[in-house]
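In the two complexes that follow, chain A is the common piece, with chain B as its partner first and chain C second.
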Partner chain A sequence: MKRILVSAIISIVLLATFALPVFAVSEETNTTASVTVGAIISITLQDANNDGIQFGTVEPSDTEIFGDVAQSDGTPAIGVTVQSETNTRVDLNIKGEVSGTFALSNWKFSTNYDQSDIRDLTSTYPDLPIYDEAPAGTYAFYQWVSVPVGTEAGTYTATIYFKAEND
Partner chain B sequence: MLRITGKITNLVLIGIVLSMMLICGLPVKADEVSTDAEVNVVDGDTLYGYKNVDSEDVIQEHHALKAPDTHGAGIFFHGWIIIEFKSTIAKSSMISYWASNEGWQKSNIKVYISKDGKKWTYIDQRMIENHHIQKYDIYGNFKNVRYIKITRNAGLFSWLQLDAVGAKRG
Partner chain C sequence: MKKYCLLILAVLILLSIPLPVMAADEAKYNFASAQGDKELRIQPGNEGTGYIYFYNIDGNRITHISLEVGALPEGWNVVIEPASGETQVLVSGNPVTVTENLYIEPSQIFEEEPQTIPEGLVSIKIPGRGYTLGKAASIKISVPKAIALGTTGKISIAAEAAWLGQSGSAAVKQARDFEFNVTVVSGQTEFSEQILKPGDTAPGNPASDSSGEDKTSNGWLLPVIIGVATILAVIVLMLLIRRKGK
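Our next item is the complex of A and B:
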């Protein structure tokens, strides 16, 4: 009888021990959290004279290329600033738009004051960006115009567009 | 039925969130800005003022030289200015000047030309009241033009802004 009693007690203790996890007071599990941060791109223009791109008054010439009257070496007519809130590197590009007889190819730009990379403006953005994967900062766009001999006297205008994008 | 209603509610909520993101401008994958460019082309046959020879009651004389650029010399009271061209224009069919009147009184302007800066030929007189710089042309058969003199006659409460002078060759 005593042995039976001891066996019963041991059995109860073992049962209680194995049954404890069933009555646990805490439990742990997990899941996945994710957040998608979108690209933010913001650019502004720094105008050398705050009056747009002004070439002043010029006489037609087949040899001379005229620059914005306010620009000088180190001070481009237009600086495109990629703002600090831009959270991705961007490709900077330029294009132009004209109306009338004065051809768009007369309007030019360069990134160097010495005109070593001078190019005609085009009506669409070039396939290769002017500045590739540019971080926040200010980027120079020197502005030039050629006025071939034979150009009729008058005032000619163009609209210059600057675009920053993340391709 | 309840599950379908729940899905529709979720889609509506997602739509609202996306709309809010678009309204708030996020995310932005490109930005574009523009500015205007302008060039003023003048006749290559026109010679502009090269040197300020003498003046009275005039400030910023140098602004009357070269081609027009919307910046002018200020001629006050009964002031005058003499400007020399870089070379003598043997024959000119048109003398021009670019000027505006600033202030409350009109400016009475007289224009003279000379080949030596001593003996002057009167060629024009007019009253200027336009507050924006305007081109004034004087047509004729002018010979041996080397100097141009512009005089002003008006009161204290206005002045003439002279942007440029020019003589067309031929």
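Our next item is the complex of A and C:
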């Protein structure tokens, strides 16, 4: 009788001691396979005729818009190439920056040589990208400038930013 | 007759000059990047590192790259390496100082991974094209100590690429943003899973008890079992003593 009771006590104590760890152990039977592919983006800007964006010397005019001297139909001032290894769809966008008195709104661009979609450069990137989800290929950015009558003689410059936005 | 011969010779020489030599070296401004893992897991009070690799295989001008932190959660810290610094460059013989984080010279494509990699460069695999040598920028992100596990944060790095020696009325640049998504995780390496009941808080959450004790939802069970077992043992012992006495 005594032995049975001692055995019972030991059993209870052991049960109490090990109960929790035994219940806590559980094995995962499913596994997760994952692979991460990093985003690669390669964009090349190609300058027509290698002379930069160049408008030459112009006479102020309220009607005429002057184009980059090297651009022609099919040859934009800047061709933006999304290289073949780019593995994510990128939105191509454009903005401008000027210093001085010659307003940024005088600097313009279009994607068609016939100016059918000509727009002013803006200081921030437009909400709607110029080329949406552009796959590998070359995209045209024709460059234009208007020089209103009354513009002071001088040389005016701008910086044009091309941005590849990853969706 | 001599004149004609000379003229023919001149024409032949002119025709024999390869076309690429005749054409001006057309400027190609390439800005190429490969982002490492953008999902980072960092422990509270620790630092994690993300990488952005840059290369230049389609350009024929050196790409000068500036990097800056665009956005980060309050209290977090980001350090970009290499840090921004001044580089002296000779552009067509004229010295120019450029402020940048790194510059990438035009490089070639290799069919196989280069065995010898010059110091400061890294080998980058370009899917479908081969390998090239480029440079890495590391983005070191520090997470505050007092932050809840599971917190997520977005880090944005703004990159700008510029090229020197551009003529004309307008200079062109490229811009690109890189995002890293950070999740704050515990340092526990072994897997565990536990359902939190409403009102319970995750360990490490500043809203929970600051004592740091691991308060689990069934933490009361062990003391109760031990208590019951002890009482039973005492009762049995008392019964035994009583019997012996009889």
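Methods note: the second predicted complex is superposed on the first by the 134 of 167 C-alpha atoms of A that agree within 3 Å, B and C clash if a C-alpha of one lies under 4 Å from a C-alpha of the other, contacts with A are read in each partner's own complex, and residues count from 1 in each chain.
Rule of thumb we're sticking to: a residue touches a chain if its C-beta (ideal position, glycine included) is under 8 Å from a C-beta of that chain, and two chains touch if they have at least 3 such contacts.
Everything quoted here is computed from the prediction, not taken from an experiment.
Once chain A of one complex is fitted onto chain A of the other, the partner contacts of A:38 extend to both chain B and chain C. By the document's definition of touching, both partners, chain B and chain C, reach A:78. By the touch criterion defined above, A:161 lies against chain B and chain C together after alignment on the C-alpha atoms of chain A.
When the shared chain is aligned, chain B comes close enough to touch A:153, but chain C does not. When both complexes are overlaid on chain A, the residue A:145 reaches chain B and chain C alike. Once chain A of one complex is fitted onto chain A of the other, the partner contacts of A:60 are limited to chain B, with no touch recorded for chain C. Of the two partner chains, chain C is the only one that A:50 touches; chain B does not reach it.
Residues 38-45, 47, 52-55, 78, 96, 107, 143, 145, 155-166 of chain A are contacted both by chain B in one complex and by chain C in the other. Residues 24-39, 55, 57-59, 126-129, 160, 166-177, 191, 218, 221-222, 225-226, 228-229, 232-233, 236-237, 239-240 of chain C are the ones that touch chain A when the two sit in their complex.
Per the touch definition, chain A reaches chain C in the complex via residues 2, 5, 8-9, 12-13, 15-17, 19-20, 28, 36, 38-47, 49-55, 78, 81, 83-85, 87, 96, 107, 143, 145, 155-166.
For chain A in complex with chain B, the touching residues are 37-45, 47, 52-61, 66, 69, 78, 80, 96, 107, 143, 145, 147, 149, 151-166.
Listed in rising order, the residues of chain B touching chain A in the complex are 21, 26-44, 66-69.
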